[in-house]
Amino acid sequence: MNFALWIPLAVPVTLAVLSLTGGARPPGRLGPVASSAAVLLSGLLLVGAVLAGDIPSLGGGLLRADALSAYMLTVVGAVGLVSTWGGLGHAAAAPGRFAGSYDALISVFLAAMSLAVLADNIGLMWAAVEATTITTAFLVGHHRTRSSLEAAWKYVILGSVGVAIALLGIVLIYAASRGTGEPTLSWLVLSRTDLPLDPALIRAGGALAVLGFATKAGLAPMHSWLPDAHSQAPAPVSGLMSGVLLAVALYAILRIQTITDAVIGPDFLRVMLSIGGLLSLFVAATLLIRQRDFKRMLAYSSIEHMGMMAVGAAIGPAALPAVLLYMLGHGLTKATLFVISGRILEVEGSPRIDDVRALLVRRPGLAVPWLIAMAALVGFPPFSIFFSEVGIIVAGFGAGMGVVVGIALVLLLVIFAALTRLTVAMTVGAPTVGAPTGTAPGSVRAAPDRSAHGPRLPLILALGTTAVVAFIAEPVGTLLARAAAVLGGAQ
Amino acid sequence: MTPVEAGMLGQVALLAAAVAAALLVPARWRSRVGGILCTLLAAAGVVTGVIALSGGQGSLTIPAALPMDPLVLSPDRLGGLVMVVVSAVGVLASLFGIGSARVASASRTAWASMAVFLFGMQLVPAATDVVSFLLLWEIMTLGSTALLLAHHATRGTVASALVWYSAMSQLSFFFVLAGFAVLAGATGDTGFAALATLDPASWQAGLAFVLLLLGFGGKAELVPLHVWVPRVLPEAPGHVAAAMSGAMVNIGVYGALLVCVRLLPNGPAWWGVLIMVLGGVSALYGILQASVASNLKVLLAYSTTENMGLVFLGLGASVLLRRDHATGAADAALLAALLLMVSHAAFKATLFLGAGAVARSTREMNLDRLGGLGGRMPWTAGAFGAAALGAAALPVTSGFVAEWMLLQALVHGSRVGGEVVSVTASVAMPLAVAVIALTAGLALLTFVKAYGIAFLARPRSEKAKQAREVPLIMRIPLVIGAILVIGLGLLPGPLAEALASAVGPAFTPDVRTIGLAGVDARGIDVVLDPATVVAIAALVLVPVLAAILVSARRHPTRVSPLPWAGGGSRLRPRMQYTATSYAEPLVRVFDDVLRPTRDVEVTHVGESRYLVERVHVEQSVSDVIETRFYRPVLGLAQRFGILARRAQNGSIHRYLSYSFVALLVVLIVVSL
Amino acid sequence: MIPAIAVALLQLVLFVLLSPLLIGVIRQVRARLEGRAGAGVWQPWRDVRKLVAKDPVRAADSSWMLAAGPVTLLVSSLLLCVLLPLVGTLPLPLVPSDLFVIVSIMLIGVVALALVGLDAGTAFGGMGSSRHMTVAALVEPTLLLAVYALSIPAGTSTLSLIVETRLQNPAVIISPVSLLAMVALAIAIMAETSRLPIDNPSTHLELTMLHEAMVLEASGRDLAWLELGSWLKLAALLGLLGNLILPWGVLTEFTVAGVLVGLAAVTAKILLLGALLSVGEVFLAKVRLFRVPELLAGSFALALLAVTASYLVA
Amino acid sequence: MFDTVYPQLIGLCTGALLLTSALLVWRHSLLASIRLLSVQGFALAALVAVIGLEEGEAEVIIVSVLVLLVKGMALPWVLAHETRATTRTDEAPRLNPTAGLLTVALLTILSYVVASRLLSGDTSISAHAAPIGLAMVLIGFLLLVTRRQAGSQLIGFLVLDNGIATVAFLTSGGVPLFLELGISLDVLLVVVILYVFAGRMRNKFGNTDIDQLRKLHD
């Protein structure tokens, strides 16, 4: 099964080259979709291998797919597929001259994320995460407007600086491993509990690495780039970034956490992640109350969900399966929402919530999936986010973190109310009856627009998956349990 | 497979069928097919509940991907009881919906979400662990929210109702979630059986109790979490409002019962006092608002707050009295709470369906513009009247039996064998009696107003004049509801026995059937046999009727358009007392609580200061709790939201400083 | 069981005969005190006979309520006469004279009257109905708390047992609990039966009316039932009050002599109380409608004090 | 013989690194800053070479050459190219030089405290000099926070990156070679991207003043 480790790296890169040379011809536009499909396929293959008790590895252990990596790869593939496939209609509107490079960058982006989750070496993981910044930089600035340029600049500066801090942390972890005689960055070695690692250096290294990766994970106070980048990037890119890039960064945090927990115990990062998580929820709550832009609304919602996942990570092993399921549920839901938001932006011509009214009457084809996805996002069952949130909160009280979880609940309520208000403002109501001057009363009520403005199937698949995945005990349950066990989750 | 399992599987299958039908069947047939499937779904709930109530066993496991304790649905007797009550209301509401659903409420969304709503509600009482309870609870909330959403385009106010409803539901959900999580954290397990091992005197139990009480109280529309009620229920069509106000509130009661009967029985005295205070305040506030409301649905909505308040009052009294070892009275109070829940479901569903029928015939919910519907809609009027009797707790309805039992429990509660049980009880019981009495009195006024203004006298508007009786399919549930209200009132014995079995084996209220299906509460040694009272009344009525018949033969009734007309001859329907004027004395009496806004505008004739051309009086009563508590908090949040924008003001330097400060803080912390 | 039914029937017949006489006595005493000749104590009887012998006139827009309401009021009042321990305290099987049940039955009559007032579709009817119901709502707490207070010494809310307890242990009657409760109950009964100072039964000024405004539109036998029902209620409640204050003479075990004594005793008590009421009313003025709540709040306070006193004194 | 010079050489190189960093905060001219950056690159390369010689690893010498080429020559060249295109080549920082230099001093003290705590168990000479690397990271960050020109921010980022490299070499003799290559490539690409964006900025706004990027906010 070791060949499956090659697929998510080689196929997208090959397709990227093809996209660059193939230009904007129709089959070439399918490059990102094919890349996502390849990542998803290899993810599923690896999941199969992992469930069979195998741990595929490659390149002298540099690439390694344990249950967690296989799961993350599947998440990357699935969310990538939804974003790219759902964004097909949208990408067509991009300037044709740059279509090739756009597709190529998305493919490379996917490959970089795959590398990040497959790398056993945390240094390599870091390089892959930094590579995602590089590939997405031009994607964020793709529209070449003043505001997309602004977003891209902020993204690159804040993102690179943040990731640089992570590098400093990794360097310190490397330094800490000198005591073992054979300095290493292999996660597998570092996470062994019997190594004589220097606790002070691990503490500082872990803290800095988590702080750095928290930038990419969109955790406050390092989140500042996120609303701008997510709102300015083309919808499929926003979906990918919000849906999986954040999760990949969180994955890095979880890996680092395993190393530090083994050396200095869980308390230090627990406090740090709790503060980060709660701060993220707070930032999301306060800025959602009077939000004016629906793409920024989604961006802040991502900060909220990452905050919740960080709280889950802080709680530790009992909450880890819920956190992992959360990544999948949030990724699929958020990708769907960003894809739809792109379509709304395209047909309505404005990202302002005030300009988008009564969608349910005017454009049911967009409003219905939007509402369903919002219901999933705010945590209604049967969608899996519900289970993740409940799992985290119950585990939190079980782990004696009742105060943290209690504060989180208060903030979640504010966020829920704000999101509901904004969504209702966009979708619900009767369309305003024309301008006061001139127009005949009959002419205003045009026939409702039932078109989905793009492929429907990926959205249906994404929402369907999140709706049923939490009820599949076998093999999803086993996979989650094993993936959590990789991180020290007791099962 | 046991019958209970078959019943639950049947509900799952019917849910699927109903949702599929709602989405696929063309509009012409949708209401019929969807309505019938929803009715069947609810009927399956009734059957399952009855079997569970009579001791049937069976469980259904929900598969879950997360490694949690198994999610098991297995209704016990109490769950069975609530399932019966909730589903029975569901049957009535669905039947009514077949006829009443039009345009928006007959849409795909509406019927699909109706099925989801009913399903979630019916199965919440079957949950035996925290996660499946929360799962079904949220399915119920989702269904009801989507039901409201279906009306968004026809009514402008739906948007705000939706937001309020979702937010308040989520608040309740979070309270419940936090409460259960505290319990689960303390016991290390999410199964109800494990949670019940916690010592009620521990601080975790106390914290969880308060959280759960607030959460369930929110669902049961208790003050101060009731603010969504007067916004949401008027927006919902009659059958939806009936399902929400007649059935969904019972889930809140079920939650409270779950805590006080199953999970944490024998809680400390302050739990009882807290429940009683919450219930008492809700009862008074609810009925006061109801008595001054002019919108029929708002009136009914606030009345739900009142009734749920009484249920909680009974529950709280039972907790308190059990602590004081007045077991007989405690059992009677618990029984009274259950009786109130059952009777409230019957009469409130019927009342809302009646309101739905009125709305359909007149497209008017403002009592000030209704009137004279009794002759035009005799079936609706009859059913509404019977249910109104129930709501006013008058004999011989189920409402009367319930309130009688509650009062008896309270009166017998403060002393056992002539000895005072505790200072708390001896203060709480008389106050509770006073609260119930005032509530009952105001309820009387409220429902005299509702029925008298809407159905009696002369129509106050053209719409009311044009009203016609609703079709047969809508009359059927109305009549069934009315029969239930009266029937349960006539048969309190068997009903009380069934209810007593539901709270077993933890509690064993000693009640027997006596006389003509009367009830004998042995714990406090009181009996009530409404059927005998009716029989005596019938006997007394015989000579009166005879006298009337004799008199009527000699002196037939004459009909005159205006027999006396208050001494005038230009009496127009507009001059009648309206709902607003009916409640005016009360508004004045409770001026300090209700804080009405009055606006009087006098237009004079020409230059004269003595001749008045027109006087325009406007009076409105708003929800004090909303305006004094929620509004300021929301306003504060909004201002804060605007202020917080400065944190994200676009300056990359500011953003970098955030990161820089975070880095410095982390560096300092790690070197400490 | 048979004796109990017999006593109940006797009560019924007695009160149907007695209640118009009571009203006649009240009016006559008042007339004399005011220096008028009065119409004689039998005038109410003649009024009823006259009303029954007339064609009722009903408004075109009125519903069946205008016919059913008066009958309901009458039946509820008759039921009071059957259930209350007036002549004797022999309990009817299955239907003890439970005070909560009694109050509810009385309230049915109150509601019927209020609906009749509304059904006429006039301003005055609605006004009377509204005021009547407001007062009824505010009286309710006093009434039930007074019941509570009375039930404490007997340990039950069954009236016949309460009266028997008082008979056996007269000290209860003059206990502070009882006295406070009796005063509260008396005020509540005045309010329930539309007497001064809450309502003026002999007013002819519509704007001050409560009870009279509701029956303005009724005529013929409808009016007769309404009047008779109200009188019966007054008589029954005065009888109850009389038996609570002076329980002597009440039949506790069935004997023919006892029955005769009981009949005589209750007649005497009611007429005496009626006369007293009338005397009192001469010296009282009707309070303003919006001052009524103060009065009722006062009576409520008394009832609450009565209950509290039971813990302190008893 | 080398062993005796080694501490002096380490001190010299790290001293040069710190000095250039501090001067970067002081100087406002972009071109001067780029020259300082180039000097810093050379100093870093020298430091790497010294450590390589001490430990006798050929691999580290290769890294030293790599550092020289990338940080000492390539990156400053790219920057200089970019800067010449701009009309404004001097900086009006958000912090005046005095305050800036004081902050530098504070940050240096902080990094000294932090590093001494972290490396308390390590008595080697190179570990002793590690605070310099941390100080460079913080100074780089300070430049990012206070500078308004796109080019200056780039310089800040590079100082920060140099600081990390310094820490890496001083604490553990550098990360594995393949990783060093990867990191260098990533940094190079980031600089190129920022360079491209700065070019676009100039096209759209006419200059590269970061303060104009205030359109996206809540």
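A, B, C and D are the chain letters, set down in written order, and residue numbers restart from 1 in every chain.
In this section, a contact is a pair of C-beta atoms (placed from the backbone, for glycine too) under 8 Å apart; a residue touches a chain by one contact, two chains touch by 3 or more.
The shown structure was predicted, so the numbers you read here are calculated from the model rather than taken from an experiment.
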| item | value |
| --- | --- |
| Any chain that touches subunit D and subunit B | A |
| Most distant chain from subunit C by Cα centroid | D |
| Most contacted chain pair (by C-beta pair count) | B-C |
| For subunit A paired with subunit C, centre-to-centre distance based on mean C-alpha positions, whole Å | 76 |
| Centre-to-centre distance between subunit B and subunit A (centres being mean Cα positions), rounded to whole Å | 42 |
| Intercentroid distance (Cα basis), subunit D paired with subunit C, Å | 99 |
| Mean-CA-position distance for subunit C and subunit B (Å) | 35 |
| Residues of subunit A touching at least two other chains | 153-154, 157, 161, 165, 200, 204, 227-228, 287 |
| Residue list for subunit B, restricted to those that touch at least two other chains | 644-645, 648, 650, 652, 656, 659, 663, 667, 670-671 |
| Set of subunit C residues in contact with two or more other chains | none |
| Inter-chain touch pairs (all) | A-B, A-D, B-C, B-D |
| In the complex with subunit B, residue positions of subunit C that touch it | 12, 52-65, 67, 71, 74-75, 78-79, 82-83, 92-96, 98, 100-101, 104-105, 107-108, 110-111, 114-115, 118-127, 129-131, 133-134, 136-145, 147-148, 151-152, 155-157, 206, 216-217, 219-221, 225, 289-290, 293, 300, 304, 307-308, 311 |
| Interface residues, subunit B side, partner subunit C - complex | 291, 371-372, 374-375, 392-395, 400, 404, 407-408, 411-412, 415, 418, 420, 426, 430, 433-434, 436-438, 440-442, 444-445, 448-449, 451-453, 455-459, 514-516, 518, 525-529, 532-533, 536-537, 540-541, 544-545, 547-548, 551-552, 554-567, 571, 573, 575-578, 581-586, 588-589 |
| Subunit B residues within the subunit A interface of the complex | 62-68, 130-131, 134-135, 138-139, 141-142, 149, 152-154, 156, 158-159, 162-163, 166-167, 170-171, 174, 177-178, 180-182, 184-185, 188, 190, 637-638, 640-642, 644-645, 647-648, 650, 652, 654-656, 658-659, 661-663, 666-667, 669-671 |
| Subunit D residues touching subunit B - in the complex, by the definition given at the top | 94, 110-111, 113-114, 117-118, 134, 138, 141-142, 144-146, 148, 210-211, 213-218 |
| Complex interface listing, subunit A residues touching subunit D | 121, 123-124, 126-127, 130-131, 133-134, 137-138, 141, 144, 146-147, 149-154, 156-157, 160-161, 164-165, 167-168, 170-172, 174-175, 178, 183, 185, 198, 200-201, 204, 227-228, 231-232, 287, 291-292, 296 |
